[in-house]
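To start, the structure under review is shown below, and the notes come after it.
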Amino acid sequence: MRSLRNGMLAAGLGAAFVMTSSVCAAPRKAPAAPKVPELAAEDVTVVELKDRMPAHWLVVNDVVFTHLLDGRAYIVDADKGTYLGMVPGGHSHAGVQFSPDGANLLMPGTFFARGSRGERTDVITWFALKDLMPGPEVVIPPKRMQALPLLSSIPLTDDGRFMLIFNFTPEQSMTVVDAQAKKLVGEFETPGCALAHMTGARSFMMQCADGSLQSATLDESGVITLGATTDPLFDRDDPATDKPVRVGNSRWLFITFAGAVTEVDNASGTPVAGARWRLTGPGEQGWRPGGLQPYAFHAPSGLLYVLMHEGGPGTHKHPGTEIWVFDVARQQRIARLPIETPATAIEISKDADPLLYTALFGSGTVVVRKPADASVLRKIEGLGNDISVLQAPPVAAPAAGAAK
Amino acid sequence: MRSLRNGMLAAGLGAAFVMTSSVCAAPRKAPAAPKVPELAAEDVTVVELKDRMPAHWLVVNDVVFTHLLDGRAYIVDADKGTYLGMVPGGHSHAGVQFSPDGANLLMPGTFFARGSRGERTDVITWFALKDLMPGPEVVIPPKRMQALPLLSSIPLTDDGRFMLIFNFTPEQSMTVVDAQAKKLVGEFETPGCALAHMTGARSFMMQCADGSLQSATLDESGVITLGATTDPLFDRDDPATDKPVRVGNSRWLFITFAGAVTEVDNASGTPVAGARWRLTGPGEQGWRPGGLQPYAFHAPSGLLYVLMHEGGPGTHKHPGTEIWVFDVARQQRIARLPIETPATAIEISKDADPLLYTALFGSGTVVVRKPADASVLRKIEGLGNDISVLQAPPVAAPAAGAAK
Amino acid sequence: MRRFDRAAEYLARTAARSTSRRGFIGRLGAFVTATGAATLLPVSRVRAEKAAVPIQVHEEGDPNSCDYWRYCAVDGFLCSCCGGSASSCPPGTEPSPITWLGTCRNPADGRNYVISYNDCCGKAACGRCNCSRDEGATPVYQPSTANDLDWCLGTQVGVAYHCSLSVVTGLAD
Amino acid sequence: MRRFDRAAEYLARTAARSTSRRGFIGRLGAFVTATGAATLLPVSRVRAEKAAVPIQVHEEGDPNSCDYWRYCAVDGFLCSCCGGSASSCPPGTEPSPITWLGTCRNPADGRNYVISYNDCCGKAACGRCNCSRDEGATPVYQPSTANDLDWCLGTQVGVAYHCSLSVVTGLAD
């Protein structure tokens, strides 16, 4: 301060009111004497990102469990290992959805008029990737499910036309937002069934409390009509998780806590259970999938990456200590890769030359790995408190559609 | 789960919808066989605190710097070392004020309609100590200074009638709230001067940028009139901190970064500088006061406790490694007490048999000490992220008034 | 699509005993009939107490520790560490009227008890004693036994989650 | 009560050069006249750039480290760690038009530079690279040199604080 005060008094500024604009930002001519040129006066700039999200950028969701009001998504460049920016969420932050062109992030948010109390407002906000500024906003019924993050509670139709928001009050319903017109379509009752797993531009499956699946369609105006229902496909003793894996346009793998896999196809509008197999083989009954995001499917290669740990019933949120890799078409495991740090979330980029990502809830660190052997390429640290789910952006040719 | 499902099915409940009310809360009769009686079904209760705040309870303010939206105050019992509850704050949480009877906490809060963006609303909310529920609320101009916490930015008049809120937009002004009628009185310009240091039921002093003090009064309706101003009392080279210490009804100690003390009395309505002395003696020039709350004055004993550290200019937020104790009337140090953990905040209870408290920003821990030697009586841990200031409640006979 | 189970029958009987919550129960009808059930706690009857209610005399263990027997299926901040207890909400919060159930074995008497995991609501997250045990927890589409859900949804004060109780409701068998 | 100083004179000269910000400067009049000053940055002229502007060629050190020379008087999260740089706000934030000044010595050339500590605003706190150095910082009642204040107050996006810049504005002497 001494130097500041003296310097500024010498310059006749007192406590100076200095313009740092381009008006006076031109670099000064260096005085005669010193050998090193004087630093130029700088303009302030604001960073812009890209128009579309590159395949190796990643959205890292932080639910901030100890300060649930301030959930957020971080954007990182996994090739460079750099932090690029942040998109604010809200109370009980679930995640974002990418517009199919990768140019916009749709962010569901829940806010209270007085922080953690007062009138509740739920909104969908569009953030352009380019400037990460809050753009259009659609107010939706303040009923969005508040839970540990599940991306299937906030899906976007494949063409980006509609966003679906699962409500739990505890009545169960689905809010539909027209993402093109940016307005609310309406709220539709879905008694007894939850979440939306997209099986086409205008169709999806829901999971119901008795272990059955419910088919549903959207019409061109976004109105939901419930369709066929299956018999209960899963036991109450070993339910399918609420984190199924999309392996084709209309095909999903439902995987139970114990690792039993059932492929279900909704192409016909009636969910049809197909192949049934298990993640574990003989002598591996002690191993289970676990975590907040235990599965990542890479459509170009048809490979499924699963976080596995040793543990019994009730350990479905335990972090994985190995990544098991499966060829879904052949229903076979092709690799078993121990990892040096346990992980509760796994994701893989959607391009042909992918990066594999893992994160452990509470670590604030994303580990970037080689898919072939899970070896560590780099780590991105300081990513907040409570990483829940990781989200790789879509690539030019939608992976899910291509795989069918 | 296995046991739950089996048990509940056996009891004929399916997935049971069980009342836990008093209707069915009567303890079941123990069956014949087991020796240990069966546990009783329990009612849910909500804890109530006391009508008035005991002298050894403490309000611990957490600004939550990494999640500034979610500031809060914790209430702890320093005798028992227990955590009692939490009062939510808002963005850039400053602290609370106690009603003179200790029955209510007045909490200034700043909120945005969309978490960290959107329309800003500033309010004062009354929380009864007994139930810690948000009670009446007064909306004030959304101009409250957002800064590291300073209790003199949100003072209450000694009789609890008016609350003053210092605004910085960067125009400087003072909002006055009638705490009895629970309504806004108005906003009054205070150009060039900041904060309010109460010097009576209806008078206060402000600190001005040129190092002078500004006297001001409130009339019975809460209207502020600016009064006399002093000459600059402090050098720009060594300014008085914005954390002066009240040592009497109308008397405050202003203490500079380097530890020079000036007592100022505003009893006449014109601030009059009195005794000038220093915290440091010969050979102690390397020591300075520092922290976010470096001073605690105990009115019944007339003793001032100061967090001191070794450091030069620019270290005024550094944590103290010793507590120096001064007899203010005699302007003499009576003790120099090293502490095992550095501290950025110090406070002392206002009763005749006081407890001394220290906390280090970032530690989440309040250390309860014996005032005589600063020895550790107990620690209260897990108090959030960023403890800023500690607040001991008023006792039956207001300490500040009694000391005059 | 008929997903009715014995819970609805039980509900009908139970609801008849509680006049004060009929309106609320009525709203729950579709949910209960369709998906199973959840614990309903009549908030209008919740008592305020001068102190947190401690554990019962025939229990053992530390209710501030995640290892405490009642917490076998909890996921959240323990109200015991937040100014409440296993059955008492901290001051300034409201217990959720509905929630989900777990069954835990009390080591002191060897019996299994049904535990109701009501949330205390309306205040920002407590942040103390985070405990996740998940024994018997199901996916969110089976909400009556799901601990990933914020169960504050039935409260007057809104869904902001503060901490979780673990209340003994009776013997499991 | 006349607290006029040379800053007001300087402001008058400077403002004359900037037509775009006159309305804003007008509003600042009372503040500047009365209390001294703060740095005014015409936000209407802030450029968007495809990348964060790096440090200049004649500088040394790591702008992601609190030890970096420009940070001698900063108090907050370093924008360099938040998707920006020492002079670039992260995407989705707005630089504060006014702020306070410090003077830091550049070890690479031995010169003292005036550094403008503008905040980037409108988004919840970044939370990365917290750095508090405070050299030359004054109490809040001397705001033109106070780093305890949230300087986002002049922005369109509101006072929510995200991170702090450290912009070279010129030689100090």
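A few comments on the model shown:
Letters A, B, C and D mark the chains as written, and numbering starts fresh at 1 in each.
In this text, a contact is a pair of C-beta atoms (placed from the backbone, for glycine too) under 8 Å apart; a residue touches a chain by one contact, two chains touch by 3 or more.
Because the structure is a prediction, the values reported are computed rather than measured.
Under the contact definition stated at the top, the chains bordering both subunit B and subunit C are A. Chain centres computed from CA atoms place A at the largest separation from subunit B.
A straight line joining the Cα centres of subunit A and subunit C is 30 Å long. Computed from the mean C-alpha positions, the centre of subunit C lies at a distance of 51 Å from the centre of subunit D.
The distance from the centre of subunit A to the centre of subunit B, each centre being the mean of the chain's C-alpha atoms, comes to 40 Å. Counting partners per residue, subunit D has 5, 36, 38, 73, 123-124, 127, 135-138, 142, 144 as the residues that reach two or more other chains. Under the contact definition stated at the top, the residues of subunit A that touch 2 or more other chains are 1-2, 5, 67, 69-70, 88, 115-118, 134, 236, 313-314. Interface residues of subunit A, counted against subunit B in their complex, comprise 1-2, 5, 64, 67, 69-70, 88-90, 109, 111, 113-118, 121, 123, 125, 134, 236-237, 313-314. For subunit B in complex with subunit C, the touching residues are 1-8, 10-24, 28, 34, 36-49, 70, 72, 75, 83-88, 127, 130-134, 382, 384.
Those residues of subunit C whose C-beta lies close enough to touch subunit B in the complex are 5-7, 10-11, 14, 17-18, 32, 36-42, 45-53, 56, 58-59, 73, 81-85, 87-95, 101-103, 105-106, 108-114, 116, 118, 120, 123-124, 126-129, 135-138, 142, 144-145, 165, 167-173. Residues of subunit D touching subunit B in their complex: 1, 3, 5, 27-28, 30-31, 33-36, 38, 73, 75, 98, 122-125, 127, 130, 132-144, 146, 148-150, 152-154, 157-161.
Residues 65-69, 91-92, 110, 112, 115-118, 120, 145-148, 150, 168-172, 189, 191-195, 206-210, 212, 214, 229, 236, 239-242, 313-317 of subunit A touch subunit C in their complex.
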